[in-house]
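Structures incoming, each one as structure tokens.
Both complexes shown next keep chain A, but they swap its partner, so chain B is in the first and chain C is in the second.
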Partner chain A sequence: MAIIEECGDICRPKIGVYALTSCYGCQLKLATVQKIMEIVQAVEIESFYMISSASRMGSDVDVAFVEGSVSTEKDLEELKEIREHSRILVALGACAVNGGVQSWAEGDKDYKKLYAEVYGEGKITMQGRQATPVSDHVKVDYFLPGCPPEEDELMYFISAFLFGTFPEPKDYPVCAECRLAGNSCILIEKGEPCLGPVTTAGCKARCLSHNVPCIGCRGPVPHGTAWFDSLAKLFKEKGFDRDYIRDRMKIFGAHDENLEPMLDKIFGGSK
Partner chain B sequence: MAKAKGSKKKSVKHPISIDHVARIEGKAGIEVSYTGKKVDVVQFNIFEGPRFFESITLGKPINEAVAVYPRICSFCAAAHKVTGVQAAENAIALRPTEQTKKLREILYIGDFIESHALHLFLLALPDFLGYHDAFTLGEEHPDILRAGMALKDIGADIQTILGSRYIHQENVLIGGFGKLPTKKQLETIADRLKGIRNDAEEALENLVSYRNWPEVDAERIHLALKPYDDTYSMLGGTVQSTEGTSFRADAYKMRISESVVPHSFAKHSHFNNEPFMTSALSRFALFGDGLDGRAKELAEMYSAHLDPSNPMSNNFAQAVELIYFVNRAERMSRELASDLKPYERRIKPKIEKAGIGVSMSEAPRGLLAYTLKVDKNGKITAADIITPTAMFLPMLEADLRRLAEALAEQGVKDPETIGSKLETVVRAYDPCVSCSVHIADIQ
Partner chain C sequence: MRYVKISKANTYKFLERLKAKGTLYAPTKISEKFYDFREVNDVKAVQFDYNRTIRPPRRFFYPARETMFTFDTTKVELYENVPEDETIILFGVHSCDIVGLRIVDSEFIDENPDPYYKKRRESGIIIGLSCLPDEYCFCNVRRVDFVDAGFDLFFHELPDGFLVRVGTVTGHKLIDPNMDIFGEITQEDVDYMTAFNEKRGEMFPIQGNWDDLRYFLELRRDHPMYARESEKCLGCGNCTLTCPTCRCYDVKDIPSIDGMTGERVRVWDSCQFRSHGLVAGPHNFRPTKESRFENRYMCKNAYNKDTTTAYCVGCGRCTYFCPADINFRKNLMEIGGYKEAV
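Now for the complex of A and B:
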């Protein structure tokens, strides 16, 4: 959607920033990018509750950024409403894209059990749900992963929409960037449980540059382009068991349908 | 939700319902219902969905769990990180080095500076100066917004340099850091903090023209953590109350009780069955004597604004803390730069037996408590987290009721006026709604 061509300098694209259930970090990141004052000049912000009282639901926007997982019935209603009123919907950050860390027990504990473990017999009138990614419920046009997303990617997305082009998703793992950053491999050299081989790039291997193994916050690499042959298979060789690697991969990849097939590839055979 | 001022006066519509309080962290609403002039119910409804942190981390490895807990909240990720890591270290009997403790405290101060700057400039000040957000405020007062952003930046940069990024710092680990900052980086932090001293006073300067609303005046109990070094810090091991009593942070489960209420995914906390306040104001009320330098001077000058009976004083208390912590971080960074051990290694956790660890600290918006229990394989067997917002919710509701009743008494009928006043009081608490909804009982 070529906003600039359509509008010339007469109108400004309408942007909405919405939250479902999350830590508000993606919105915080968006609100504090260095060029935020320039962005607010270039767009019209229809809704951004976290920072503006002039926000409302239900107004039409060109681009909706949605942070958070669907974790209540109210989240679901709001998400559908946002979808109805937006031309382009961007899932912003790990919770919206992958269901977020709140999905860590996905497949092990259902909503009833989670509720009982936290609230016991206590009754709450609002209805919660098992956390799910936004794309389980509505059509998502773009995914902007990360916990939180990177500033340069946010800027790239926003400028792509402004200039009428489309942001290109990354489909290669963190390892590629880690090599470019000149790090030695923390998995090969130190035997640390680094999820770089199976995690979407874009962070420029920040954690690896701090000698911290990748925890997978940018979610699973799309299109089966994880680095299995060269690296992911090392998990087994380095002595990690299947359950531990599953636990680690599930922090940000619990809803990935390729999770068990990937574990099969790494550890051989299905459980 | 608050609409522009000067809108047409309507007859009072009952009940008042704000479905989404803007300019706070998280999704919450306010509901007030009346019978005639009498206020029946005042509720701060928390719609933010549950995320079950204590349940989803059961059976999970402790290293991974302490990386997940900070995802509770972005505004105070470092607070959750440091407190969770300390609880984990207590559980596995790991003693971090002095250098690690100092670095964590500087990181934590970075979080305070960032969080207070965001709250004061982006969320609270627009109310007082009459704007619906900081962007419109910034168009007319670019200098105010610039000062706020400069403070936010230095707070964020401290966390980025020490923690790897300013939201969800992965460089902070059980036993230490993946990578240490360099001497040069610490000196640069100190120099930048020195250069920002004037900006640190901007929030207070803009707030002093405003008075606390007498409608929310009421005696109250405050709780705060006694600073470990008897100055003014977010770290310590004893909780003190304005009633004169104190208890060990380890024993918080015995003193702070929680209950489930129907209108909120956040539980409500009580101290000796009474609502209480925890906040920058509480820290100031109990330990303000530990402040020094310019912060102490200004706090004395504006003591009338720092009234412990009025929650709106919390804005002023945060503004004073901003001045203090900019100064403290400068001093600590300078000291650490001069005796940095650049090759000190992280102590790798070795877990050989089961244990339980407790840690409490002062997050920017008040007390934060963690209890973690691990088995001999390093897996979490129980977790309990109480966040500041969960602690002060009953007091916040009591203040909203006081305000609603006083306005009804005064004959204020315009729902928008009532609504925006209620929102301003909510904001004074600087609630972190995402935080509040993640509380569980130890099993």
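Now for the complex of A and C:
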């Protein structure tokens, strides 16, 4: 995966930043990092509509950063095209990594009914689909979660590719960073419905540092180490009901395959 | 050993004077129930009556994240990032935490001296403080409820002030120039200290000692407690990150945007994380939550052949700060077959 080795001193790696259905917040974050000028000098930007009108689809890139979830047929076509033209594909942000908040209805509502409810008889040219993470459709090499991703992680990813190495993913929860930040634990102390124990670290417990319980925007800890069952049991003991717990865990984790079975384990049967 | 006393009012004066000698950290109330060692600005905010801090004192000498060196691959050079000359003064350290620091020393100074840790630790000043146990404390059965080394000064509660044990030459140097606020002890003070320690001893939720615990843990590796309790575990790492004796770290290279330079950082790790046991392959020698859970029980109580005390000092943090209410002490008692005090 090393880029710099093949590139040597003569060429700069080609980067593409693409958006599927999303709020464009991830690329805004990338466009406004402090060292953006150093980034644009170190790489050749083939496509990044937010900062360059010379952007275009369909050109070969070394690294493609894709934000947004696959929510329309056009998204799917574009994603496949991006994959074909990139050596490394990075899923950028909560929507691309986990499907985002627009996946909340997953498993609960019939998609056609939902679509009709929202758009009615209005003439919509695009063909919608249930929102899904990028990895449901194409091979994803690296995942960079966050809503939006953190600046230090964006810099780490790009720097690692330039260096000819690869970014190491985080596989531990927000709790770890919350302890190191010196916060009190509002889950223990106030019984707040904090999702820190099942959410991927990297934000340095941003919300918790302002006494706001974690809502899980960075998505479930990967490799099946988000223990929804243990946390749901704890929330249940603190008096939260099944619907509340399930809804909260689904906001950013609707597509996690362990979520429903683990909730069933605590509450019995499937909903 | 030398003994002096100081009144509560003069203790504040002493703390004020300590601030001139280095960076002073002391227990501070950070929320309704929790305490943490924080830098002292207002000496009146120092808490003398607290049970445990959320972050362990080891963080001052072994930071949660530190850059060990920076490197430049074009010059094939590295530039060591030696800690600055700074005297770290910790006031209000309980006996369990003092032993905790000595356990960290056994790894970072006695074994293969770590220059970063060693420098901070050797210029640091530790001032102990007596305490009364709550239902989470069990330092007595770990035999660390009373320390005779590892501190420069140790403050024992008196009705109005403290009886101070002087532990080191550094301790003497802190007392000598301040004899205007310290005084000589009386028989009454010694009697108070005796009564205090007697009352304290009776307050622990369990009596006796756990010297044989290591063997029971080794003999009962398949105990059903592990499966039952690890089921509740969130794998969040709170138990290890608040532990005063955990020493595991991860080393990472963080490259810069120029593609040539970078830094090597050391960050606290936790055996409760999947990546802790992950090696090339990718093989994982602790692939399940249960195996990671069991490792902590074994490490804290049975992997201590070279030290005279267990790596667990009975401070109660891993239970008090466990969001899932997993009770380390009770689980160990189940394996050791120990009974609660009546």
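Please note the rule applied: the second predicted complex is superposed on the first by the 255 of 271 C-alpha atoms of A that agree within 3 Å, B and C clash if a C-alpha of one lies under 4 Å from a C-alpha of the other, contacts with A are read in each partner's own complex, and residues count from 1 in each chain.
Going forward, a residue touches a chain if its C-beta (ideal position, glycine included) is under 8 Å from a C-beta of that chain, and two chains touch if they have at least 3 such contacts.
Since we're looking at a predicted model, the values are computed, not measured.
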{"item": "When chain B and chain C are modelled together on chain A, clash or fit", "value": "fit"}
{"item": "Touched partner set for A:196, first chain B, second chain C, both or neither", "value": "second"}
{"item": "Touching partner for A:262 - first (chain B), second (chain C), both, neither", "value": "neither"}
{"item": "First (chain B), second (chain C), both or neither touched by A:207", "value": "first"}
{"item": "First, second, both or neither for A:176, with chain B first and chain C second", "value": "second"}
{"item": "First, second, both or neither for A:17, with chain B first and chain C second", "value": "neither"}
{"item": "Chain B versus chain C as contact partner of A:144, first or second or both or neither", "value": "neither"}
{"item": "Chain B versus chain C as contact partner of A:96, first or second or both or neither", "value": "neither"}
{"item": "Chain B versus chain C as contact partner of A:154, first or second or both or neither", "value": "neither"}
{"item": "Minimum Cα separation, chain C to chain B, after superposition on A (Å)", "value": "13"}
{"item": "Doubly contacted residues of chain A, that is, touched by chain B and again by chain C", "value": "none"}
{"item": "Complex interface listing, chain B residues touching chain A", "value": "1-2, 20, 22-27, 47-58, 60-61, 64, 67-68, 71-75, 77, 118, 122-123, 126, 132-135, 138, 145, 149, 152, 156, 164-165, 167-168, 170-171, 173, 177-179, 259-265, 267, 420, 423, 434, 439-441, 443"}
{"item": "Chain C-touching residues of chain A, taken from the complex the two chains share", "value": "4, 35, 38-39, 42, 155-156, 158-160, 162-165, 168, 171-173, 175-176, 179-180, 182, 184-185, 187-190, 196-198, 221, 223, 225, 227, 229-231, 233-234"}
{"item": "Chain B-touching residues of chain A, taken from the complex the two chains share", "value": "19-26, 28-29, 31-32, 36-37, 40, 45, 48-55, 57, 68-69, 71-72, 74-75, 100-105, 109, 113-115, 117-120, 122-126, 128-129, 131, 147-148, 206-207, 209-212, 215, 217, 244, 247-248, 251"}
{"item": "Touch list for chain C against partner chain A, complex", "value": "30-34, 36, 38, 54-55, 64-65, 231-238, 241-242, 252-260, 262, 268, 270, 273-275, 289, 321-325"}
